[in-house]
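Here come two complexes built around chain A, the first alongside chain B, the second alongside chain C.
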Partner chain A sequence: MTAIETSTTPRKTAPAVLRAGAVVGLLVAVMSIGAAVAVAFDIGPAHSARAAARARTTGDVVVGVVMALLEAGLLAFGAFLVQRRDGRARSALMYGASLTIGSSLFWLLVQQKLSTLLWAIGFAVPALAVLVAVFVAPATRWFGAEYTAPSPRVSRLRLWWNALPRAQQWLWSLIAVAIAVVLPFIGTGVPLLGLINSEPGFDFPIALFDASYYALIALGLNVVIGQAGLLDLGYVGFFAIGAYVVALLTSSDSSIRAFSHTPWAWIICVPVAMAITMLSGLVLGAPTLRLRGDYLAIVTLGFGEIVRLLADNLPGLRGNVGFQNLAQPPGHHSDGTAIFSQTDGKPWYWLTIGLIIVVLLLVGNLERSRVGRAWVAIREDEDAAEIMGVPTFKFKLWAFVIGAAIGGLSGTLFAGQIGFVNNQKFDPATSILFVAAVVLGGAGNKVGVMLGAFLVSFIPYRFNSIYNEKGLIFGIALIALMLFRTQGLLGARQRLLTYGRSAYHRITGGPEALDTGKGAFATDVTKSSIGEA
Partner chain B sequence: MSLLHAATPLLAEDWINFDTHSLKQLFWADTISGLTYGSIYALVALGYTLVYGLLRLINFAHSEVFISGAFAAYFTLKFCGFTPGDSYATSTIGIILFLILAGLVAAVVSGGVAVLIERVAYKPLRARNAPSLVFLITAIGASLAIQQVFFVWRGANAEPGIQLVIPQPELQVFSATVNNVQIAIVVAAVVLMVAIDQFIRRTRLGRGIRAVAQDSTTASLMGVNRERVIMLTFVIGGVAAGIGASFYIMLLPAGVIYNGGFLLGIKAFVAAVLGGIGNLRGALLGGLILGLAENYGQTLFGGEWRDIVAYVLLIIVLMFRPTGILGESLGRARA
Partner chain C sequence: MTSSASEADGQLLPADVPLDEVSDEQIVAAVGEHREASVATGESLLVLDAVTLRFGGLTALDDVSFDVRRGEILGLIGPNGAGKTTCFNVMTGVYRPTSGKVVFDGRVIKRQAKHTITRMGIARTFQNIRLFGEMTALENVVVGTDARHHTSVPGALGRTRRHFHEERSAVDRAMALLRFVGIADRSAEKARNLPYGYQRRLEIARALATEPKLLCLDEPAAGFNPAEKDELVELIKQIRGEGYTVLLIEHDMRLVMGVCDRIVVLEFGHKIAEGSPEEIRNDKAVVAAYLGGEEDDDGAA
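And now, the complex of A and B:
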């Protein structure tokens, strides 16, 4: 309402908050040029961090200086525009501040030592302050921007994707998969990309495998949280059950392995583990799925804890001592060493990518089926769904069981790669991290949750040498990300599921158009902005 | 049959015991100890329940509000010259005064942290109508960040305990002796809970809280300042948690550690849900029941089953009473 009108009327003065933001931005701009020069010529605080993980290359310096000049230019331009009371100031300040945060991260990645961290925080915090100043209510009113609306870039990307013919979508997906497959071969020497794995003592393929099994977990949890809207805080329980099934069936320490005299193959454990986790999903779900929302959350949290405490207490599960020598998938290199080993993460990573693709296809089809529509109905309004004849309990149970099976699958991969299972990895904090991955990426969006999982597992890994502070950074990053993108990095959007594509074509005579919020396909995201207007 | 035979080692005979004999013997001692723990759970549960009743939001960072209080109380005592591992020749009155001082500082710090969390992690989201899951993530982020601040500051080890009050048996209840610490904790916690309950039921500010809990739009149309009420609620929850924390370090002097709030926070949340989240008396009842059940379970099954008893009790209660024992009703509490 007023927000939109004021954007067209001439403005009087910039609010004090924004002026302050501009001043801080100007300061940051000046400082960042200085910092880039200092780093480039080895002067100042960054110098003490010379014993860095990765020797800084000329390429790094060039990239850093260019970034610094750009951000300084943008911030200074933004400050100038605020004085001129020009509406473009918002974008300039926003891009400048974002770039500053990005370049702080860049220097942090190049030379990760505590002094560099302080240096980076010194820039990132004022830049964040500029962003806040740009986004807070008075400034927003001045610019008349609707900051609750979805980012036009993300929606444009989605529209572009949805408008592509099926064959092209497959082609692009293939390219994406190919990039994912060659990812482990990136060396530390590659100018910009090398930064993602320049951590000393950091096994990049294994980190990628970790990210990939997190992605699998996020996909499974997305069925429960994103599709059916059930908050499950005990998902780690299913993951643990999957891992423990492999341990019990194949470990030389296991007491029940005895009933087949030859040890089980890992491959056979996978369906067994999935069946058992499905069963446990049923056992947990049947009595508790009548509960709503937050009650369900705490009960599932309790379930996860019960699984962990049973692993602590049951003598057959060996608590902290754990199980060693777990089975791994078959196959040998030509020199006789096993393909799947604890030291080489690459085969595991590729195996997980394959499984992710299978799960994506299955879950995607499920989403577009009657089951998927029932889930959406339950998520949006459970009572209404029940009244319309959706057997809500049954479909909630399905969501739970399917989610559990995927969690169990991921558990078997984890157990196989580590080759060792004990009670240490299954605490509620891990469970909450899984939920964080889903919500961060955008609950309900499969690509989004995988991105979230990658960030959640990879960031703490990458910053291992600043071990003490990484949790702090991660916590603050979670809050900041959620404040700026409440719907997650790639938010989910409601649209017609079955025959959606052909329906759009028939009604609009073309592919999905940019949603104005007025058409027949008003999305729930834009609906909220209609409500404002 | 062979499968059963093979599975027996998994459930070896001594994996759990049903020690009814010690339960009979220790029944009253367990009751007293359970009530003590229960009162602390109840004080922490109060914060969860108030915020939930008002905003339908699980304040996951409340456990860090609690542990900040514990750190504050600990450092207040240290600042006052009490060193870990000593016995103190201060008079009883003096000790009580120091305890009150520590409790006050803890309450102020916890209240402050609660407000800080509200300001940083929740208020901006409320302004833009974020879905409730997002609040959960910022809460987790805040919880992680605060926890790590303590970790970076104090390291991974617990602070050496300051045992200000030496537990001394004061009176005999059936077969159990009750010590001074237990009496102090239970009495103070119950008094505080009743005071807060009365505050919410009888005062003008309390009426504001109930109004916003019932229907925040109508309440703000009637002139209730919603943001102020929310702030006040976080303050009350934080103060209760801070005072609970200062009792907690009396009971468990070695409990001041960076992640010490996490499990206790989950327990307190279980207590709140057990009694009916959003319901103040439910928090007290849930806390006490949880404390008792844990202690009985500990004696009956063995110490390692303590936490499982709590979660199983929660699941069983929710199966029969899906909204907790007393039901959820911050708004519906009578005027």
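And now, the complex of A and C:
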């Protein structure tokens, strides 16, 4: 084995702790394969738990088998790489162990039985040992510096994407949109793909609509958090204002309903709601945007609560009773039933996809302009930005106002689809969930935050049994992410120049050499630690 | 100035020509574009008139007066804690003087926002490098050019003609500036991944991008080896040659003596000397302040 020395960095033998980790990992891998087989064929120790568990779909079982095989594969591969003294061993073991712990937790929550607890501990404890081994091992010395380098797989994907001609990027985007559009038609019966379907637990098109308006929210919040670096914990306030505008202007319970007689009521409400949320963004931002970091977060949290408490206590806003019979967009099927209804999520989902595309284009325009650069400059170093001629206050306010408008837009969609608005959906926990979607997916990355939003909103619907524990699960996921991958699932990387493509081509003769960013939060941390040093 | 067609859409460098094949003349032309080059030299550009700055009981600057003349390189030197950077901060609007005034280009610097002062024509670099780490070098410089731009949210959303014009000229000017300071080869990389010397030069390029009349460099040679310092001297001279006025804070006496036209010496917030490098070198108070000399601590009083 000593013959496989690489020429660049002389490497020592694997530390004992890492070898032990590899052995335990191999053990867990074998156990996982056993468990996968047991789940698949309904035998063994898993059987009793299964029999006693609530009814589960074949989808759950397939997911279980896939997860078990994946973690087994990763752990076994990691153990193999430790023998080869390959730098990727660390990541393989780390991901395998994390997945094992995650899936143990997942099954525990799905089944909620004592037998599952023992079974989950059996997996999670050795996996935790592997994780500890991986972190204790002096890996830099052993593997060389490259294990800290960004995952080459991600970089290659990015390079591939950046090198594509514009037309091809559009084509791929079009394919992605097409897939999103046909998604509601994938029934539970479709082999493999059908696994994504949330039925019978939850109506699939409506679950997709929920995910899509979450994606819209995440895009809006991403302008504030991801681009301008302003931690806004009260974003739900704008969402609520958007919803309440529709309610007040169109509900049969409202005394000031202005447009309830025209079929265009909902559509008229959208610009009105956006204008009002923009105004409220201005009202919140103007006095508070002089605050920074944690202080701003506290004030915005207060704003979200103020909006909710107003909804609770103002008689005109009807608190818990709420508003019924909200307007919906016009249009009828040939049989006379309305296209946009509470029961059919598909038209709402498609409408939201359309709006997401429009918002993506507009926000993209902003990103590749003086505005986007000002935002990132503010996020990176506000004082330096100001001294370099960036009117920081003005652009922070713009970020707030634009974010608010998108939040309001999302609120109108939510209110229209549900057809009912009361004070129950706008609590701080929801606000934190919005932030979680942005951070999970990768603050500053538009595709990333939409992915984050999809995960945060859709997973509880798909795995109905964990719906009530979603806060716990996403909390753990966030902690894990902040430990292992600060930049979120997809790292931030804005393109900030309209003519960047040609410019970088003139400089490097190829596409821009990009690496994954550390993201909005990591930068902040590094900066302050250097500043105090 | 010749090809009006390309100038109309903001293009400063030939399109589709790799950056390292663009001629030096074109680079210099693009760097100097729009700027009021060849200003009348000699007259005062920036005047500090009896500036005093107190932080509570601490007097950081005490009745400091000097002027920076157009087209010169003025050195601002002094031992640690003498008030050099504080002086910078008063000029760039970070601090407001307790008494006295700062006049730049005929206008008093008072309550203007910091970004307005930058737009009046004062640009600076930072003693401890403060680049936008997650941006590429090119993007960093384009942020500097944005100081002169007017596109805001409506213009960027609607992609107005002005937006495209500004974007094109900004990218070209930024690339020219990166070539000018000698770091063009890595301009596509993130600022935080650049080597130290490149980061220092990138700060200068970003400051130049704001089209300043006065460029303030805060210890630009800190951490440089002698060869790098010589290159920096060349660069500073070249910058002055392009018509910029330079104010330089520096510790390295050899560098200061080699590049400055005039030197102002601060110690404990007082101005103790002002004059040509030759005069400063022979000034007793300065020698005492720097070397401790025979007079020991008397210079402070």
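Heads up, the rule we're going with is that the second predicted complex is superposed on the first by the 373 of 533 C-alpha atoms of A that agree within 3 Å, B and C clash if a C-alpha of one lies under 4 Å from a C-alpha of the other, contacts with A are read in each partner's own complex, and residues count from 1 in each chain.
The criterion applied here is as follows: a residue touches a chain if its C-beta (ideal position, glycine included) is under 8 Å from a C-beta of that chain, and two chains touch if they have at least 3 such contacts.
Because the structure is predicted, anything quoted here is derived from the model rather than measured.
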**OP:** State whether chain B and chain C clash or fit side by side on chain A once the two structures are superposed.
**Re:** fit
Subject >> Partner chain(s) touched by A:L301 [first = chain B, second = chain C, both, neither] >> reply: first
Subject >> First (chain B), second (chain C), both or neither touched by A:V456 >> reply: neither
Original post:
So, A:P287: does it touch chain B (first), chain C (second), both, or neither?
Top reply: first
**OP:** With the two complexes superposed on chain A, say which partner A:L362 touches: chain B (first), chain C (second), both, or neither.
**Re:** second
**OP:** Could you say whether A:A311 touches chain B, chain C, both of them, or neither, answering first, second, both or neither?
**Re:** neither
**OP:** Would you check which partner chain A:I217 touches, where first means chain B only, second means chain C only, and both and neither mean what they say?
**Re:** neither
Subject >> Touched partner set for A:A29, first chain B, second chain C, both or neither >> reply: neither
**OP:** May I ask you to decide whether A:L351 touches chain B, chain C, both, or neither, giving the answer as first, second, both or neither?
**Re:** neither
Original post:
Can you give the closest approach of chain B to chain C, taken over C-alpha atoms and in whole Å, for the superposition?
Top reply: 12
Original post:
Which bits of chain A are touching chain B when the two form their complex?
Top reply: 137, 147-148, 225, 231, 248, 255-256, 258-259, 287-288, 290-292, 294-295, 297-299, 301-303, 305-306, 309-310, 312-317, 428-429, 432, 435-436, 439-440, 443, 468-469, 471-472, 474-479, 482-483, 486-488, 528
**OP:** Can you check the complex and tell me which residues of chain C touch chain A?
**Re:** 15-19, 92, 94, 113-115, 118-119, 123-124, 126, 128, 130-136, 138-139, 142-144, 146-149, 151-153, 155-157, 159, 163-164, 166-168, 170-171, 175, 184, 187-190, 193, 206-207, 210
Subject >> Interface residues, chain A side, partner chain C - complex >> reply: 362, 365-366, 369-374, 376-377, 379-381, 383-392, 394, 398, 402, 492, 496-500, 502-504, 506-509, 512-513, 515, 517-518, 523, 526-527, 530
**OP:** Enumerate the contact residues on chain B facing chain A in the complex.
**Re:** 2-3, 5-7, 9-12, 14-16, 52, 56, 58, 60, 120-121, 124-125, 127-131, 133-134, 136-138, 140-149, 151-152, 262, 266, 269-270, 273, 277, 304-305, 307-308, 310-312, 314-315, 318-319, 322-323
